[in-house]
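In what follows, chain A forms one complex with chain B and a second complex with chain C.
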Partner chain A sequence: MGINRRDFIKLLAGTGGIALFGKNVNVWADEHVTSLHESFGVIVDTTLCVGCRSCEKACNQINQDLPRKASEFYKDNSMLEKRRRMAADSYTVVNRYNNPEDTNRPVYVKFQCMHCTDPACVSACIVGALTKESNGAIRYDPWKCIGCRYCMAACPFQVPAYEYNNAMTPQVRKCTFCFEQRTSKGKAPACVQACPMEVMTFGKRRELIKIAKRRIEKHPDRYIPHLYGEHELGGTSWMYLSSLPFEEIDFPNLGYISPPSYTEPIQHAIFKHFIPPLTLFAVLGGLMWFLKPKVVKSESVLEEENSEK
Partner chain B sequence: MNKKLAVSIIIIGICMCFFFLFGETGSIWSDEDSAESSVVHPILIADTGIFKKLERPPVKFYHDKHTVALEKEGCSVCHPQDKKGRFIFKYPRLRDDKNKQSLMNSYHDNCIGCHRERAKAGKKAGAVTCGECHIVREKYKKIEHAPIGSDYYLPLEDTYHRDCIGCHKEEKKLTKKAEVLNWKGFYVKKKEIEKATWPKMDFDYYLHYQHEKGLEKDCKLCHHIYDEKEKKLVYKKGTESSCRDCHREKDEESRRSFQKVAHADCINCHMERSKEGKKTGPYSCEGCHIEQKQRTARELAVVPRPGRGQPDRVLISIKDSRMKEVPFDHKGHEAQSLTCRNCHHEKLIACKECHTKNGSPEGGMVNLAKAYHEPLSERSCVGCHTSYKLKPSCAGCHHLLKSGVTEASCLPCHSGSFKEVGVASKLGNPKELLPANMSGDITIKIMEKDYMPAKFPHLRIIKKLTEISKSSKLAKQFHSDQKTICSSCHHKSPLGAKKEVPLCSTCHSLNMESRKTDTPGLLGAYHRLCLGCHKEMGIKPVDCTGCHAGKTGLKTGMRKQ
Partner chain C sequence: MSSRENAAPVKIRFFTTGVKVLIAFMITGLSFGLYRMVFGLGSTTNLTDQYPWGLWIGVDVASGVALAAGGFTSAFLAHIFHREHFHAIVRPALLTAMLGYTFVGIGLMFDLGRWYNIWHPMLPMMWQGNSVLFEVGMCVMVYLTVLYIEFLPVVTERFIGKVNLPGMLSFFNKPIDRLLTFLDNILGKVMFVFVIAGVVLSCLHQSSLGTLMVISPYKMHPLYWSLLSPLFFLASAIAVGYPMVIFESMIASKSFGHKSEMHILTPLAKFIPYLLGIYIVLKIGDMIYRGTYVYLFEGSIQSRMFWLEFGTLTVVPFLMLLSSRVRSSAGWLFSAATMCIFGVLLNRCTVFFIAYRPPFAEKAYFPAIGEFALTIGLIATLMLIYRVFVSILPVMPAPEKEAVRE
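For the complex of A and B:
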């Protein structure tokens, strides 16, 4: 035969995956569209931010399990010199970017978990420690977490941080959308509440998209006509408006398709109800049985065996 | 042994020869090169139109240095003359641009030939070898293609660099340690050839007046038109316009480009007058092209107006127009511009000649209404007025207001007669704007938990805005009544002097929960308005404690709902 065992398995697995793939994509999309509209979200208007870091302070205060920081820490703006990222002790950071149009007016951008509508971290978590709530928040359950840090690898924005310095009870740390304290009761997150410039607008995601588009229409000179997060990676709960191109403020162009909608149909197709693997092994077993060389023991062999005894 | 020595000496000698001949030593001009920062501008001889790709860097040619050195000999050493003895400013004199080779030869023969001759005669001379002239190195413009988030990017942990780090483990003779390598330097760079930029020469009202005075108002010395019938240049009074009207950016048929005309006519005239011993202008490069501060409109306002029969003021009336006529102060607007071209393009004729009511090809299909009202144009009335609103003193309020044409901005211009133009400001005493029982300062304490109350100097702000409005001619015209002062903050409110207006919190609520409209909350409204204005106008404070002192010793917390 021109086909060997290895090739045969590859072929079988491939055809099985492809057969179930196309159908599953549609199911995926339908499931997620409804949840996308009813969830809460936030628009961050980076053109308004003055870099006072009140949001960082409010975040530190409301999340009691974070290490306490003195209020002087939030008055010291020298840390804006360096580009920072979310860490185990800070769920949100404000960064400063040069404005090429007017060097006297830098652009400040607040970062935190984007709370994707179709989150890659939740999809990657093998124990279900991360869950997407109906109000938009992505929650983390430290009791379920086994510390594999797949979520950190999966996140397209590199948001989750890990407590590497905590040897005994390390946790994955990321913005909670103030789920326990505020958003589950319909209140705005602490950072949104604290912002003196009201850079952030909290509301139903559906309404926010309308608000943002109206704002772009009203001030075409102030914004680039793009709402980052409306469609990026299948949509995110936190969305951004900017005067600079998003690549310049460290928002990568990640396309409109969410990572799980690539990976999960394949994964689910291969293991759907465990039928494909069982079928595969059944077929293989059948083949083995069918192709088993029928050994007709010749007399000489029998004689040898007998003599050995 | 001797043979070896001789061979090595010969080799070194040959190397030296090559070095001096072809090496980019630039020994002669090197001193001047270092002093380049003080405005000495070279002409870059490249002729890329004919040469296409250059084999050697373009030649940096310092024209003024040659004018000084050849002062006795005169311009004719390099430039050809026409029948009247006027110079034609092209180089080389015997330019042969049939092909690349011939053009290159004509440059080399003229330049090097002259330098050699002068050197033989014992005079100061320039370079004769290749590298001495072709010394402009291509400047590289760096464009980094560093990875996203480049500030916290760790090149040593990037798997793409695994192979690099394999060799750059230790410091060796030629390899550096991976930690000290300039990783960012490896990302792509784009090169860009250096360009010589000369400061622009602006022929403003002042220079025009100087010429008028010096030439005793003999306009025909510069201004002319082309007579189609007689096929020659004639002067006709009242047709004067900008040179650029006919002489465009590039040569067209029989018309030379503006650059050529300006150089040939200006320099020739200046030289002739200087020979005759009359007072005249400069004829060296840096005489005109110097980096001087551009004269401002205010400085030019004292210069007598150029007279071309333009009206002092004119009532702009359009036939069949549905709007009232616009009284236009032409003289006043002249004092606000640097040249006539600021409004009139190159032709000095009325707007409606080209911009017809429905648009015509002569007017670039821009109709008359657009020509006056286009907010993005620098020449239109509205566009120019809008640009004034960007000044710090105006931008404080105007950055919040809708720009361009609004309902309220029609009447200040379309008043129909001259009666109301130029009257004193309609803004009265600032105190009269406040309701009787209101004090000059307002205390705002919505952030009581974290900060001390903020004092808002209401009256002082009204006074300042009134003062600014009174100081500007434009504001006097458009800030038509006292309510204008109030309206930038108290927007969408019914206004009136001595009348109480709705509070900010009427619309901007303190409640910050789930939003359905884009109306900011009270906190945002206050901060955006105050800080926005302070930033635009360049006023302090712009930090937190400048307005409301922080509370110390108290546990700070989130704002109370």
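For the complex of A and C:
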């Protein structure tokens, strides 16, 4: 998928002015969504979640490089009192939200990396330590990473966390979509498999969108008519169904345009075959030559000066 | 361009009170730097998962690069535009740029989590052409090399025919002298390539620094997010180049007990209102086009910063410098230049960690003591090295009586 898209961006960059103002973005999104349909994703149906945090536990178990946590931690319901975010020691968290319609039945939401289809973190990474796999996963290679944390500044969901307390080998930490252990072999991520309520559905993104839309159609009383992640940022691999408006369950209100579609056209326009920098070089060179004063100091004066020293 | 400039090493007593203060700052700062290296970013800084970038990126890196713009803007004026009158400012500005960029690199090492991988962007297998930061990194690295090359003639001029190593090393005197002469000859012929390259590279990465936060459209405050941000960064860097040259020149003159070089600085100041004017027109035009003026009076920290860094520290010096009385008065000129510098400094800080609004922040970021200490320490170290350089190498314009010869 990468190649098609990059070529397309190059084309786009050619029309510098238009690209700079992002007016071609729709064309671009269409192009790249086609290739994305073949990737995998997950639907999270927040209306089914009971907040048992089995997913958190499964995540900790499968990712052996995370700090080990006792199973008591995952039974401690006081953790739900506070709104948590993913951190260097946890790739996924479940939060509890008040349900204004039925205060006895709060809403639980599981968060993790959304595995955007046109990820800002991957575009931002200076050394390509973050990569988007064709199955949808965004992976991180700590050996390439220089620790600049631009991915964190770029992520619209504030997902990547950092090991600030590790002095020598800190890593960026975020959900791996269980790439190595499971999804690269076509298996669902550990959290999806562990869920007793079948909150999550793993599958081809294209199929998932159909399933989600059918659910919304069938139960208009149960869901708000919005599949979060279908269009947000040009699409994300993880998508959400909810009974509450998404702003109320901590999902940022994002546009449909992916962050890289703002920066990459600028970058590629400036470096299109190195023509703009070379042109500037030539113009300045010409200027330098053209403006050169005919005689600044005659040769003899210069020689005199030199011999003085 | 002639490689022979009318410059000479400054004869000064090195250990003044000011220098001792700088040394104290340097030691404090570097102790915090050492602490960070041993105990990590978490124990030294207030950076969090919400605010990954703080003072070190805003000041040491982004402002450091912007305030080193005097190097390429004065090279442009003297070498490409051939305004011979301004030759005297080229070397001090070049030295500032060279040291400034070196310290950008050093400062960055403290901020990078895996600083020992800083060379990774040079490996073709890790090239990432979509990354704005990759372009900034590469341009800065190449430009730093160009700056060192541009500075070489100052070294050759000082040492050709004067290489005098003690004892056993005296064997190398002749070869080194020959090497220097050889370099001097070559450089004199090809220097124009590096001068132009320096300007091109500067334009590229100064603007790309402004593209960095364009990737966070949904986090940035609307007053500070625009697709024209690269242009703002470039225009403001160009505009702050000469104020920085003026600021330094006046501080150096004061410190070395020379008279301010108003005969160069006043005509130089004449360019600033034009350059600042371009920046101001761009900013205001963009604001009207995008309708972001509605945020001007919302009373948020971002709107206040805008009034401070742009409304005050950019527009006021612009108005001041329109007046020839301001330009020819040392005190007023110094004030205006200082305002420009702090305007750009605050602008960069605002973009990188004040206008940046993480969606799930628990509290706003404010730099830790250690962050301030290292930043100040690095600036103090830079000033000390500057002092050492100008006392050894012919950087500063030779005192008045010789200068008349031109």
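By our rule, the second predicted complex is superposed on the first by the 261 of 309 C-alpha atoms of A that agree within 3 Å, B and C clash if a C-alpha of one lies under 4 Å from a C-alpha of the other, contacts with A are read in each partner's own complex, and residues count from 1 in each chain.
Note that in this section contacts are C-beta pairs under 8 Å (C-beta built on N, C-alpha and C of every residue); 3 or more make two chains touch, one makes a residue touch a chain.
A quick note: this is a predicted structure, and the numbers were derived from the prediction, not measured.
In the overlay built on the shared chain, the residue A:213 is in contact with neither chain B nor chain C.
When the two structures are aligned on the shared chain, A:162 is found in touch with chain C, with no touch to chain B. Touch criterion met: A:252 reaches chain B and chain C at once.
Using the contact criterion defined above for the overlaid structures, shared-chain residue A:85 touches chain B and also reaches chain C.
After overlaying the two complexes on the shared chain, residue contacts for A:125 are found with chain C alone; chain B is out of touch. By the document's definition of touching, of the two partners only chain C reaches A:285; chain B does not. By the touch criterion stated above, A:188 is placed in contact with chain B alone, chain C being left untouched.
Between chain B and chain C, it is C that contacts the larger number of residues in chain A.
Residues 83, 85, 158, 250, 252 of chain A contact both chain B in one complex and chain C in the other. Listing the residues of chain A that touch chain C in their complex gives 6, 9, 20-22, 83, 85-88, 120, 122-128, 142, 144-150, 152-154, 156-158, 160-170, 250, 252, 254-255, 257, 259-260, 262-264, 266-268, 270-271, 277, 280-281, 284-285, 287-288, 291-293, 296-297, 302, 305-306, 309.
Considering their complex, residues 40, 48, 50, 52, 57-58, 61-62, 71, 82-85, 105, 158, 186-188, 190, 192-198, 201-204, 207-208, 211, 214-215, 247, 250, 252 of chain A touch chain B.
The residues of chain B lying in touch with chain A in their complex are 148-152, 447, 512-518, 520-521, 523-525, 527-528, 531, 535, 542, 544, 556-559, 561.
Those residues of chain C that touch chain A in the shared complex are 2, 4, 37-43, 45, 47-50, 52-53, 76, 79-82, 84, 111-115, 117-118, 120-121, 123, 126-135, 137, 192, 195-197, 199-200, 203-204, 207-208, 211-219, 227, 230, 356, 358-360.
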